[in-house]
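Naming follows writing order (A, B, C and D), and every chain is counted from residue 1.
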Amino acid sequence: MAITVRFFAGIRERLGRNQAQVDASAVASAADVWREVAGVPLPPNTLIAVNQEYAQPGQAVRDGDEVAFFPPVTGGAA
Amino acid sequence: MAITVRFFAGIRERLGRNQAQVDASAVASAADVWREVAGVPLPPNTLIAVNQEYAQPGQAVRDGDEVAFFPPVTGGAA
Amino acid sequence: MSVRVIDTPLEPWREVAAFEATQKFAGKVGAACVFVGTMRDYNQDTTVRSMVLEHYPAMTERELEAIGNEAARKWTIEKWMVVHRHGALQPSDPIVLVAAWSGHREQAFAACRYIIEALKTRAPFWKQEQTENGARWVERQT
Amino acid sequence: MSVRVIDTPLEPWREVAAFEATQKFAGKVGAACVFVGTMRDYNQDTTVRSMVLEHYPAMTERELEAIGNEAARKWTIEKWMVVHRHGALQPSDPIVLVAAWSGHREQAFAACRYIIEALKTRAPFWKQEQTENGARWVERQT
């Protein structure tokens, strides 16, 4: 298995893709996942979710996890 | 003409009527109106309106006015 | 803006939808806050079977207009409405509807809240509850 | 209690009425507070022609459930609901509906307000606006 990586909104656009796969043996933390797939520094204020829950960059990740990177959210209303 | 006096809710029930007329020459203030028609002291916390606007007991009244006496209001919701 | 005192069943969501349909908000409104008060079947630990809401016609409408206009001066709102029942009510019947529309949610919430709070202390309505122990006038509470 | 994320037009008052019809509030509810956010035709002094709301399926629902459950722990509410649009929207389209039902109005207001505020900072939605100068991602504001 592997780690599934997902990108949303501006980050998805900047990276030119909405998804990636990472070999779990190459990474220990969410921050490692970003470094492995992005090729650019993590933009400031980027939010991270591991398995659909908010996480810190240092959070450990493992085989089968889904790790997502996205900008601050802007749902709701005025 | 005269002054029309109106009673609501518990005060209406206590006085046994919802309306009265007072000769305007007999009264100068809203408190006078109560004394003239009620025969009992003004219950504490009674609200007064003159011509459908909240008023103090000392407010002057004159021919043609409508003076109302009622308990604290209880509209709206829980 | 819109005040109605009615003695027929209040259908709050239909009222709000109908009011909006008559408005030309035209993309200026970003937020609506609506409050609906309904009759409970209890009050102060006593079962309430039914209720009669007495009011002071003419003064009621005047006071509700004044309250809504105060809210519109205090906050930036596009529209507001109040509909209040009087007469005989059964548990779970809607009693009052307050709605405020604004460009921003803080303003809509604040105006709606202001109107219902002011209404409770100033609008001349009086509730008489029918309980197991007979009829009683509701005392004012917060 | 009830979370829905939809890509079809949101009819907020119909949603609320339909939800209430499925509930057995049975006289325990005295207060409902409803917030509806709609799309404006302006933002930061620029005309907005249309909008696309992207979201993170699965996480969105999970986060909205978490927020609603927090509100239900913080305040005494009987029920709550959230419906949020995604996909393409036009000015004046409803975006989000939040509703809370309680025995008391303070609780209903506070819970409704809590949910919309938390939603804005935590629910994974992103707005892209189409303006006269092209598309732009909305930056987070208060």
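Everything below uses one rule, namely that contacts are C-beta pairs under 8 Å (C-beta built on N, C-alpha and C of every residue); 3 or more make two chains touch, one makes a residue touch a chain.
Given the structure is predicted, the values throughout are model-derived calculations rather than measurements.
Novice: For chain B and chain C, which third chains touch each of them?
Specialist: For chain B paired with chain C, the chains in contact with each are D, in label order.
Novice: Chains touching chain B and chain D alike, please list them.
Specialist: C
Novice: Looking only at C-beta pairs that count as contacts, which pair of chains has more of them, A-D or A-C?
Specialist: A-D
Novice: If you average the Cα atoms per chain, which one ends up farthest from chain C?
Specialist: A
Novice: Based only on mean CA positions, could you tell me how far chain A sits from chain B in angstrom?
Specialist: Here chain A and chain B have centroids separated by 71 Å.
Novice: Per the centroid of Cα atoms for each chain, what is the distance between chain C and chain D, given in Å?
Specialist: The mean C-alpha positions of chain C and chain D differ by 23 Å.
Novice: Report, in whole Å, the distance between the mean C-alpha point of chain A and the mean C-alpha point of chain C.
Specialist: Here chain A and chain C have centroids separated by 48 Å.
Novice: Give the residues of chain A that touch two or more other chains, as numbers and ranges in rising order.
Specialist: Where chain A meets two or more other chains at a single residue, that happens at 77-78.
Novice: Two-or-more-chain contact residues of chain C, please, as numbers and ranges.
Specialist: Residue numbers touching two or more other chains: 30-31, 35-38, 40, 103, 105, 116.
Novice: Chains as vertices, touching pairs as edges: which of line, ring, star, complete or other describes this one?
Specialist: If you draw each chain as a dot and join those that touch, the picture is no line, ring, star or complete graph.
Novice: Which pairs of chains touch each other?
Specialist: In this structure, the chains touch in these pairs: A-C, A-D, B-C, B-D, C-D.
Novice: Of all residues in chain C, which touch chain D in the complex?
Specialist: 12-14, 16-17, 20, 25-42, 91-92, 103, 105, 108-109, 112-113, 116
Novice: Provide the residue numbers of chain A that touch chain D in the complex, in ascending order.
Specialist: Listed in rising order, the residues are 6, 8-10, 47, 49, 52-54, 68, 70-78.
Novice: List the residues on chain D that touch chain B in their complex, please.
Specialist: Residues in contact with chain B: 30-31, 103-105.
Novice: Within the complex, which stretch of chain B touches chain D?
Specialist: Interface residues on the chain B side: 77-78.
Novice: Can you name the residues of chain D that touch chain A in the complex?
Specialist: 35-38, 40, 53-56, 58-59, 62-63, 84, 95-96, 116, 119-128, 137-141
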